[in-house]
Amino acid sequence: MTDILKVENVTLTFGGVKAITDISFNVREGEICAVIGPNGAGKSSMLNVINGVYLPQIGTVTYDGVERRTINPRDAAIAGMARTFQNIALFQGMTVLENIMTGRNLFMKSSWLEQGLNIGRARKEEKENRLAVEKVIKFLQIESIRKTPVSKLPYGLQKRVELGRALVAEPKILLLDEPMAGMNLEEKADMSCFILEINKEQGITTVMIEHDMGVVMDISDHVVVLDYGKKIGDGTPSEVMSNQDVIDAYLGVSH
Amino acid sequence: MATIPGLVLSNKQKSPDAVALRYKQLGIWNTYTWNDYYNEVSVLVDAYNKSLSVSKGTVVAVYGNNVPKLIFSIAAVQTLGGIVALIHPESTEGELKTILNNSNAEILIAEDQQQVDTFLKVESECNVKKIVYLDGRGMATYDNSKLNSYDNLVSEAKNESIDSMISGLSDNEVAFYLFDEHEDKIYKVSHEAIIKNSTKISELNKLSQNDSIVSYLPLSIPTNLLFTYITSLVCGMSFNLPESNQTIEKDLQEIGPSILYAPSFVYKHIITSISYRIESATQSNYDRYMNHYKKLMNIYEKEVSGNKSLIDSIQKVWVMLTTFAPAKNVFGLTNIKHAFVSDGVLSKVNFDFFHAIGVEIQHSFGQAISCGCISVQPDHSVSSENVGAPLSGTEIKVNENSEVLFKTDCLGENLSGEANVDNGWVNSGYVGSMDNSGNVIIDGRTEDIVTLKSGKKFSPESIENLVSCSPFIKSTVIIGENQDSNSAIVIIDPNSVNSWADRKNIRYTGYAELAAKEEVRDLIKDHIKCVNETLDDHLKVKRFVILHRTLIMTAGEVSKTMEVMRKNITTNLNDVFSAFEKNESKFTVNDIDQLTYDLKVNEI
Amino acid sequence: MIYRETGNFVTNYFKDREIFPLKFDKIIVIIGLLFLYLYVPTTSEYTLSAHVVPILAVGLATVGLNILTGLTGQLSLGTAGFMCVGAFSTYNLMLRIPEDFMSLPVALLFSGIFAGLVGVIFGLPAIRIKGFYLLVSTLAAQYFVWWFFNSYAWFLNYETSGVVAIPPKMYDYWGLGNLLGIDMQGYPARYVLALTVCLALTYFAKNLLRSNTGRNFMSVRDRDIAASVMGISVPRTKLLAFFVSCFYCGVAGGLYSFCYIGNVDLMIYEIDRSFTILFMLIIGGLGSISGSWLGAIFVYEFPIVFTWVGDTIFQGAFNTAVVENVSNMVYGVFIIALLIREPGGFAALWATTKQKLRMWPYPH
Amino acid sequence: MDWVYLIEVLVGGLMSGVMYSLVAIGFVLIYKSSGIFNFAQGTMLLFASLTFVKMTENGIDFWTSLFIAAGIMVIFGIATERYVIRPLANQDLLALFMATVGLATFQEGFSQFVWDSDVHGLQMSKFLDIGLLDPAPIFMSDHIPWLDILIPKFDIFASLVAGSLIVVLAFFFQKTKTGLSLRAVSDDHMAAMAVGIPLQTVWAVVWAVTGVIALVAGLLWAERVSVSFTLIEAVMKALPVILIGGLTSIPGAIVGGLVIGVGEKLGEIYLADVFGGQGIELWFAYFMALIFLIFRPQGMFGEKLIERV
Amino acid sequence: MSKSLLKVNNIEVVYNHVILALRGVTLDVEEGKVVSLLGANGSGKTTTLKACSNLLHAERGAITKGSIEYNDNDISKTDAYNLVKDGVVQVLEGRHCFSHLTVEENIMTGSFIRENPKEAKQDLERVYDHFERIRIRKKSLAGFTSGGEQQMIAMGRALMSRPKLILLDEPSMGLAPQLVEEIFAIVKNLNKEGVSFLIAEQNAMVALKYADDGYIIENGRVILKGKASELLERPDVKEMYLGVGAEGKTSFRDIKYYHRRKPSFS
């Protein structure tokens, strides 16, 4: 398998404080790669570097064969990256349907004038993309909340809607920032099931930050461990679990 | 030409562009006209014939919820002369195995991964040769040569006219194998029988093509098959399928069907929901609701006795507009013309309430052997006790043991061949009576009859029905065998009792603690006292216990239509029964979840 | 208890996007349109000139501001400035382009575009500046525009008083008046023009709102980083919002000068008007098109009703200063009270009332 | 080039900048403590000075009027916290801003309704005859002999007032327990409440202090531009000041004020001709702020926002 | 049975006048006990804690029904300031340190209600004794400390008011497994000194391990209560909250998408 994403020697600082120090790792096409580590280890910053929300001071990210120093989030989206956020970043003033529809904005080619007049292409696009959105709604089994404003949804469902919004963009690579944080076991089970299906049946490469070791061990193919901005482990789940550095810095007593 | 495929064909010829089927999927109601319906079936016929070699007499098990693909499959299999065995989508492995083996099914049409997985667990013990799955989600990695995707089969098939095949069918061929959950038996039913039965119902109620019906229960429930699927074919009316289990209420509201069919628990659910909502309303709204409720019932009583005044009529319009029309709107009942209830009767309070708000409840009675129905109440019936008069071509009588016997021209046949037919009279397995006007009154199952120590016999179901009429009670089990008096196990409804408790500011955590609350006990006690007043002395409920949990379907404690399954409850909750026998006032239950609970017996 | 959704189902996605999905609503809308087009023009000149036409003009500006502030979340205090651009461009287009090529509706369209372009220029900083910091840009627009038209007398055709009356011939677009035998300068004709423009633009706004553009606007408002991660170009979206919003304000300015007061007057486009329109927006409810109209009606009508009450009940006890001060106090109290109780303004009040009525007496 | 003239202009600009700063300090104080962009700052000035003027016009002496006006402003501040801010706690910032717009409107109507809408002159010189300053018309221009630059004594007085305000505030913030709690509150409301800091009391204090600052600023402003509605518009200039300064910084408010003051004066002298029109001061300050912000979107001393996602 | 320190009686909480967050939550914290409140995000744990410490109104929430008693006094109307004075203090979810204040200043803010500055100084030492990790960082800005340190700062800050009851919200969130154990060990130590705890946690395993009593909350309702040790043994709790079924732990890989579909109207 080829590497779809290569992070090389990335260093990121905020006002002099290093968030990430010289980190490199590769993500192979079609795998589920989990990034673990304590809070403040630089996991989210890493994701933000990958899709261009933050610009690293040093280092490059190679995605889909193109090496880039900098990329902006929009270009990353156009190149096929979609992501979710640690603290749900849904558009709170909109319904579930509208939120997921925004994930299709790159597929909408009609101009605002056509949309305002509600003619021709605009109407057709709205219909076609709605179909794509509905398929995702069905996939995530959220039919019953389609027209509910997201602000009224419980946390677990909001997470699911956010996954839907990323998925509907038909990405090549999906970046998930703590998709299961704050969920109960049943919700975690749902979410892992969706992630596995997305990965195995739709073939979307997935990079996922997650705390729950149980989930990480069960569903990921590859684990990267960060600690205070440094990489301390990289390998298959079982390799990482037996890595002494990882046990010392993160896991404590081995489980 | 009265076969199921024949009805599809004739509907297509009569009104090709009328709506046959609506299925909510991906957010919209996908519509199939009779023409579309016919085309889908004809493609399937080719597919099933070629790839599965379905032919005359092949038994095809259909295992799933109502989705169009499944509906089309039924007609297609029958066009080829096959027999459809219907299986409930939530059937457990054991049940599935029994049905497949007893019906000798060769082909299984499964809805999706859930059904396929259940089947694969019992695969080695069955003779099923091929499986068709309708939705392939989650099964990309499955490697089993028996598995066929519906979509693949269809893509290779041709759309050819099946008119001649359909007209070649004989209407006395077997159409369905129906499973009776209570009797654990399979019955075979011919095209002619079930269609004739349905025709009787639709003629009696003047159902027409302009009606519509929403079907949200699986067709494996025989009464549901008759009232929704067959009747929609017979009348050519639209048959509407909801999007998912979570959206049924909304979907029902959107369609606003003119005909509703449901087992009694659905109606009970509606009553409970209304009560649950109103319990959490503001005090003034709550009071007004109660006030309006009384007014409405008063007017209804007058209406029944025929002395409704003009003022009453005006008042009723007002009460309906302000209080009950919204409820009807929320539950999608606004356009209902006929609301059929199968499996037993609604209690008088609930029956009257529905009639008062203009939802014409019609009780019916029937089982798999009688193609789902032998009697149905006429429109505007006012008695909540009976299940109506026999349908035309049907006779009903009650023998000296109060057993209800019937004779009908639409009879099914037990697959295993055991005869329970005596001289044309079939024993329904129920006890009951006939009233003066020839209506049938059903008391309960023969096997459930309770004999008190005093030797008096009665059917517990009628008392259970009365006790359960409170919106706070989900179900009741009456115990009395070999005892001095009746006792009841009461299962409270978590939703409505929760909101009631919140209104009363009662401190509790969780269902078990709520059920053990004195206030709840008093609430139930008062209700049972009221019920007792209407009962004969020996029938009065003297003791009751409020169960610490609800009944569990997967443990077989309730049927798929939420009826109490006495046998399994007796085994699962043996401690409760023995406590009543031993006359203990406090006892401990070792429940199936391996935990123990302390319960209290309450005297009335 | 009024609304009945039972039996209202959609069979395709077009139907699911309808503005008025319920049959009941559709009937109301048709009756409303008939009322607006057939009955209202026949009411008195006073009703039209004192109530209806000005509300149409300021309401349209409120809708414009709503697109920028309510939908896209970009705070603006320059509304009057953009209206001013609209009014002056309309006048100058009518004045300087031979009448064979130009007539009022066309001039309104072009002045909307001018105002929109001015809006884009002042919106450019929004690409870098966020939140309250952006106030500076819109205030700059407000003051600069006002100063600009005040300083260059050419725009007022060298009228030194700062006010120029609109010549009657400017109303006679395409000689339509002669053709139909209607006094095009009269208020009924002006009203019909204003109404048509407002309805068309409201429809346009509503369409935007439920399309991709509207969703982009809202996503930038709600979470701009998430929006950019979804591939939405945040700068482009903000500028588009400025353009569309200022287009509306520009057209509203044209309507205000031409259809309502009948002259072009710099003094009425001072910053106070920006605030008045902001009040309309807040009271009506941010993000709701219909709310903007409700807000406009309330804020515009309150002083009039208050004066009327003073005149009829208290024998004219309230002078203009009192009316103005009391109005200001009432607006203030309304804004604060609404924000506390119902931040969605009149629109949200209306929506919850509708919802309550629908379910009443059930709480949910 | 006339250097003396230039310096005079600069000094004049600095002095008018001080005036802006006085208003800006109130803004910053409220923004810092509660995140509220207080649009009502201008009307607070109007209300305070109008109250004061009406009392002196009715023959109440200077110090009593000042004292009563300050008392009224304190009450007003506390009432604002109680009836406007408290019920709106934790709303989003836009809603809070709009609430202050409502407050401003209300205050504008209220102050003119209670008092009147006339233009009042305010001549503090009439009242102030403290020995520190010359008894004669103290706020009139005078020469400082050694530089031959004209500085109005009034401006010096205003600067002194502003300076002492800042010293007091700085001490208050850094050295007192209330100051620490105020800083805590500005960092995180919820946490401050959780550890037992009475948020509402802190806010009420801030609004009351702001009210008094508004009175001081209002009187000084009124001396320059008279007491009337125009005061509000004049105060709008404080907006670019705080935005340049960076919303959360009191030093920022001072520096911002000076920058705008000087810039405006220079602009008027050197750029008015370029634009071929008079009165560019109407918009020049906003443009300055705009250009400044494009290069530094968070203002001079504003905290750089790292958006956590 | 020891005295009940905090009694929550059937409270209902509504946000923004419409959103029902809690519907009938009832729980007891006995004096000297550690009580855990378990549940997923959005189930109402945080809301319950905020209701107890009266921080709800700051988020436009209000208790619409029921009451909360602390030491037998109704405290549902007492403001947060007086509650802290009375000895009830909350440590918020996500720590909420004052990031522009130094570590020591952060901790000192917790002594706002204290009259005697000298005592406050002694208490500061006591806090450092419990949290050795933050003593060495006392001069640095709290914003630059790690998640675990911030949790300690937040807890230390709360200790400064000499509380009798600490409401601890999600102490384990986002912390490395070994740090979580460390934090809970400190909780246990403090408990020995007589501080009672009400801890909202998702991590059921840790929370029940260190607690005396446990409550499980779902959809704004307490559905289960019991001794922590008993809860740990219950099969349903094991399955739903600890992920251990009757056949041992099931892998997330084997879960099917349909496992959550339930039949209608049941």
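A, B, C, D and E label the chains in the order they appear, each numbered from 1.
By our rule, a residue touches a chain if its C-beta (ideal position, glycine included) is under 8 Å from a C-beta of that chain, and two chains touch if they have at least 3 such contacts.
Because the structure is a prediction, the values reported are computed rather than measured.
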item	value
Chain ID, smallest distance between chain and overall C-alpha centroids	A
Greatest separation from chain C - chain, by CA centre	B
Pair sharing more residue contacts (C-beta pairs) when A-E is set against A-B	A-E
Euclidean distance of C-alpha centroids - chain C vs chain E, Å	50
Averaged-CA centre spacing for the pair chain B and chain A, given as whole angstrom	45
Separation of mean Cα positions, chain C and chain B [Å, integer]	56
Between chain A and chain C, centroid-to-centroid distance (C-alpha), Å	41
Touching two or more other chains - residue numbers and ranges from chain A	53, 85, 89, 130-131, 141, 197
Residues of chain C whose C-beta touches two or more other chains	12-13, 16, 225-226, 229
Contacts with two or more other chains, residues of chain B listed in rising order	27, 137-138, 244
Partner chain E, residues of chain D touching it in the complex	89-91, 177, 180-181, 183-184, 187-201
Chain C partner contacts - residues on chain A that touch it in the complex	51, 53, 72-74, 76-78, 82-83, 85, 89-94, 98, 101-106, 108, 110, 112, 115-118, 122-123, 125-127, 130-131, 165, 169
Contact set on chain B toward chain E in their complex	90, 112-114, 117, 137-138, 216-217, 244-245, 248, 265-266, 269, 498, 501-502, 505-511, 513, 553, 560, 562, 593-595
Chain B-touching residues of chain C, taken from the complex the two chains share	1, 3-13, 15-16, 358-364
Chain B-touching residues of chain E, taken from the complex the two chains share	9-10, 12, 23-24, 26-27, 65-66, 215, 221-225, 234-236, 256-258, 261-266
